[in-house]
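You will see chain A twice below: alongside chain B first, and alongside chain C after that.
This part shows the complex of A and B:
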């Protein structure tokens, strides 16, 4: 599928290929050892201190929920990477792709296994970033780049909200460890910050799991290569939001706010997405929208919160990951081998691609919820939970019924239609043929699991669903029981109704699609273009404030800096009330003689003269006066070393300026005349503030501890009698070394500047310009 | 004396801010020299002024026998003077070189990196 550059022949993707398969497979095998203890109801907790001072630990919590996720992530990960060796193995950027995919997998595993909220957040962001890189993998296509950025901005913004929510939750619970937080549900729900915490957490979860109204990024994310869609956007990353809600359910759930928000948003997303799914003609888009539907259903049942609902949610979570990854991989094979994913152009592929058809069919039957597949069990228990719940019974059951019907239709569109019937003649860009084993093996394995778990529901119940239900519900005494069929109850009858309605709608799905298309066109609210308008608005604001702040005029920048300084310092001094001091003028003037006054007057006069003169020579002379005056102050107040340095430097400064003047023009003040009063006012304000700050500082007590240390340590420790020198060359020798380095760098840079090549005007042109 | 130095430093800072606000980069440079002098004086005076008692340890003693001037700000100012000189020397070279290349000392006319938007 290389869209750019030449293909690089590699056998199963080369080393990058087999390493990327071996790593998730090994992780999967390693995680299996925890199935035993966890299914006995004993969560495993491992910990490693990371930033102990901030209560951030790399701690791992393996309970039913995280183990289910970890097994799905590593297991499906291994199948997807195996698939990628053939799908993208010859792509010039394949190793880069594998790197991003592994980075994502590490992030996702860390996310579900972290016991520490902050660590969880870090891994959460890793999945956001790696998802951005993967969606934008075909970076030469504008559509990919847009979709990647959209996903990044939507999920990244939610991530920031989540971080805020986590910090609040950590402070309320007194710990950032989930294993501690989850036991404090009562206290957290009673806390005044409960509502903000829930809102912030849900902002993170809803954006990540694409719940309405943040759903629009997910179908666009299908711009990614198909293995990415199969892995990130169906089985793993988009479920991170679901994971988060399920994870914190014992702490944040069981309140009116939680219930109604999740039930309404989840239910609405479910129905809305399944209608959009049936409307699509691109089979990958059909699958994308059915994923949205599944995420909505999971949210809906976490919100419902009864043990039955959680059980149904956990069962459906496993069911969905199995069939959806398989279907994405299947459509990837179809795309790879025929060159199109358009439902209307694909017919009768079953004969040419029997193994792909087998994998797809197993998954599709599970998706349609037909017994004996595990999909049937998932659907049955969702119905049972909905019918058995007291609040919002009809909303929950109704939405899930509508979604299941449309899911049935979508399964038909995705698999039944393309693979059965007569093979269309040359309607596909490539002649259809079976894909390589590495590609069809994944859907078949996942399909076999869908069937196996359906035939032996006790296994999935004991290994995954029961421990998961305990973890999400927060109660380890609840008995979880999954079964295929026991009696013809209401849920079973509802299933029969689902099949009947679904079968009818499938037969009319093509006219229905056209009709839905017209209805959607008429709907004035469009999220995707709305997103563009929001971004355009943001850009306009950014452009506006850049034009204001980044005028490109140095003078204005400096004015802004000093004005900010004046306002900031002035306001702080006023608010902190540091100005009520008294100056003891008598003590101030005590002991002042002529030399003191002379120095003060000379420096002041020199500074003012430098500022107002228009003659270069006067300015240089005045600067010299100031410099020498400062040196005199150092001499008068017992700093001979400093005075010597000051004198040498001051002399050099004047010499350098004078030399430069030989080649530089006159000062030319005329152009600034209009703004001068404003500048003088600002300068005056800054000057007064500096004086006030300094006087305020001088009023305070001085802490001489460090000075005393140097005074007593200079001789015994460093054998020096000149304390200032000892500080410079011994106690603070590294500072002095840094200072020398600065001077050397300045000298080298100045030399490079003077020797560098010239551009633009030459001396001659400047000369001509003057004339 | 500290208060009077503080007032004088205020004048120095005011003069340097005024100079730095000018469009002529040479005047900006003058402001830079003044403001580094002002900063040094602030550090020096904040450690309190002590007349005629340099921070030296007499022969045969382990520490100063009587109160001497605060050595710490002196060491800081010494470093600051040298660094300030390095900064100034580089800035002066930059101004000089800029004038050679662009033929102006007016910062408004230096638009090589950011041409006027109207000029597009």
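This part shows the complex of A and C:
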């Protein structure tokens, strides 16, 4: 880590630092040009064909929702990367860090801007992978690695569910373009696959946005360096799930299932996370849990779904990103300059770090929801939406009230306590001092926006909240109006109650924390250790089935393969009832002349000799006879290409097997004798089944349409008269390419295996050989 | 194992003949039995014979290039032949043709047809050739 003690941090000299600041800043400036059209209610649609035959396009949809996200991602991204130049600039792996961060940013921007579901999914996975790399950035710490893997597995599993949901949705809607899907809400909700689609989408969104019961990975993800926590795990990535729910709201929302799932999960997460937040002593953990609370609130209000709720959600989304990123950056400075993040050890830093205090204070006031900051507006409109909704009014309003109270307390714990009061030098590992400008500028800029948007709510309304509400609600005629204060209505009174309760709880927060700690300890359900148990169970199952399947004995592998074949084919034939045909054997045999009988005898003799001989070489040669007999059949029925191939392959197989067999010891038939009847029975069953399949196939009508097409098209279209070759290299060239790729991979794998065994047979010797 | 001197002497000739024959089979493949797959198999047979007679080391020297590299180059050539069509705005693996010296007024005169399909087939040839020799030589050296 970059906690370099008293020495002046040596900034990394290469270009990674300024590039990482310039790129997001440029994207931010570029995105600004779309604010005008979008705020007039005209979404922008750009498209580039990618895989047109599968309806996969690289299309960009810039509407209020995606523009809000894109501005937050690039704007906060620029501040975070600027901050990182000082926070991690002297870290030996700094360029790698920048690479991961940029990769994440591209993924996140792609996610919010793409109009195509499949492209969205690809970007979704990019954010998952880059998040894994960033959480595990301090890869020498076991805790980092565990947290990274946990985040990857939880969000990755959700991602797979999401992919399934997207494919279903795309098929139901008849298009993978969001701009098309979003107009078909009625039809989608009426479709029988609606319920599975919603469940799969929510599995993706809930894991990504850490909704209960998938919440446990997010606080652990705070093992990442602080800029990452500020950027990924508060302002952007975890909101991808929220984004997804908001995005598909016009298509999937407005149903009982959607409403109750989101409202209950969101509300529960909100309260649960706020309580856990107040319980923490590490300020970064306090912020981590308040992020969970915010995600819960956003989910709750998307679920509520009324225009007021969506408006409140959009306002709160902006509000939260501004203050939470600022607070994370602030605690990073405190950690960097004092060496600790423990709330009890930090007091009176305000005098030593005035600018950090300023940035933190602006953000904290917004978080506490005190006017005239934009946080007050966000909270007011959430209250208003909750009170105004006829279903679950008290649940929505109650959870958001509880959360706002605890948010007020958390804001006090995070900023008021560490920065005010008497300075306690002895308690911090380092003497506190102000950080460099590149670090405190971020919180201050974000804090000023929190204040500015609060004083001039029309700006944020026109630029971000109104267009966003239209996009999420799917109605461009709804009038959005944000204001600081008009009348002392119920929502305003609720705000006053929030401040009073919050202020009281803050004064008693230390005893309350101890009490909450005891309550939580008593709770028997623990998610994080539970996760370990799930993983252990998975590993145990994997180990168990591997020990059964991977015996390491070639005979058993082959036995398993053929037994599976016999059972699979036999069961299918039985279930599908394909054996109800009569064969006119007399007619079938009528056409056979002497040469056919000769080949049959030839093949049969070879097969019998292979089975009964005790010499390997004889067995191989006899097997070759069978193969050559088959090649003769191909020649008789005029398939010269196949016959030549068969002959050559047969020759080479005999040589290959013979060479391999020379190394093996002589057949130990005595040891094997007990198993031979079983093997013979299996071989017999497979043989009979394959014969039956062949006979059954020949009973049906063979559709020659494809053959005729190739026969007629081969010369005029592909200028070739050998249909087999034309199919291989032209009509079906992509299949052939796949096949030759498999051939190469198989050859290389076999080569690696043969080389690997050179060093000996025990694992130790192989290990030794690798070195 | 003592190798027969007749075999050793004959393989020098046979390998060359099989290699020549394999190229013949590769080139005629589009209209008559043959093609890259069969050609590659025949070519590989020639060197397998060589390896049995002269040993794996001598075969590697004669081949000059590692067989696995030959296979990989073949795969690359096949891929390039497929991608080639994209430069003309057509789908991956659409055959591109050039009829060298053909008379445009006569629809049956194709001149000397040269195509991306042939390049693809050459890639197939090299993949089959290289993969089989990779296996055979590695197995030979095991003994």
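The working rule: the second predicted complex is superposed on the first by the 570 of 771 C-alpha atoms of A that agree within 3 Å, B and C clash if a C-alpha of one lies under 4 Å from a C-alpha of the other, contacts with A are read in each partner's own complex, and residues count from 1 in each chain.
Everything below uses one rule, namely that a residue touches a chain if its C-beta (ideal position, glycine included) is under 8 Å from a C-beta of that chain, and two chains touch if they have at least 3 such contacts.
Note that the structure is a prediction, hence the values are computed from the model and not measured.
In the superposed pair of complexes, A:711 makes contact with chain B only, with no contact to chain C.
By the touch criterion stated above, A:544 is placed in contact with neither chain B nor chain C. Once the two complexes are laid over each other on the shared chain, residue contacts for A:755 go to chain C alone; chain B is not touched. Looking at the shared chain after the overlay, A:746 reaches both chain B and chain C. In the superposition on chain A, contact of A:651 is made with chain C only, not with chain B. Touched residues of chain A, counted separately for chain B and chain C, are more numerous for B.
When the two complexes are overlaid on their common chain A, residue A:662 makes contact with chain C while staying clear of chain B. By the document's definition of touching, neither partner reaches A:581: not chain B, not chain C.
Of the two partner chains, chain B is the only one that A:637 touches; chain C does not reach it.
In the superposed pair of complexes, A:722 makes contact with chain B and with chain C alike.
Overlap of the chain B and chain C interfaces on chain A: residues 640-641, 645, 649, 652, 656, 660, 663, 720-722, 724, 728, 736, 743, 746-747, 750, 754, 758.
Contacts from chain C toward chain A in the complex involve residues 29-38, 41-42, 44-45, 48, 52, 68, 71-72, 74-75, 78-79, 82, 91-93, 95, 97, 110, 113, 115, 117, 120-121, 123-124, 127-128, 130-132, 134-136, 138-140, 142-143. Against chain C, the residues of chain A that register as touching in their complex are 53, 640-641, 644-645, 648-649, 651-652, 655-656, 659-660, 662-663, 718-722, 724-726, 728-730, 733-734, 736-737, 740-741, 743-744, 746-748, 750-751, 754-755, 757-758. Those residues of chain B that touch chain A in the shared complex are 1-24, 26-30, 33-34, 37-38, 40-42, 44-59, 61-64, 68-72, 74-75, 77-79, 81-90, 92-97, 99-103, 105-108, 110-112, 114. Chain contact summary for the complex, chain A toward chain B: residues 552-555, 558-559, 562, 583, 585, 588, 591-592, 596, 600, 603-604, 607-608, 610-611, 616, 619, 623, 626-627, 630, 633-634, 636-642, 645-646, 649, 652-653, 656-657, 660, 663-665, 667-669, 671-672, 675, 679-680, 682-684, 686-688, 690-691, 694-695, 697-698, 702, 704, 706-707, 710-712, 714-716, 720-724, 727-728, 732, 735-736, 739, 742-743, 745-747, 749-750, 753-754, 756, 758-761, 763, 765-766, 769.
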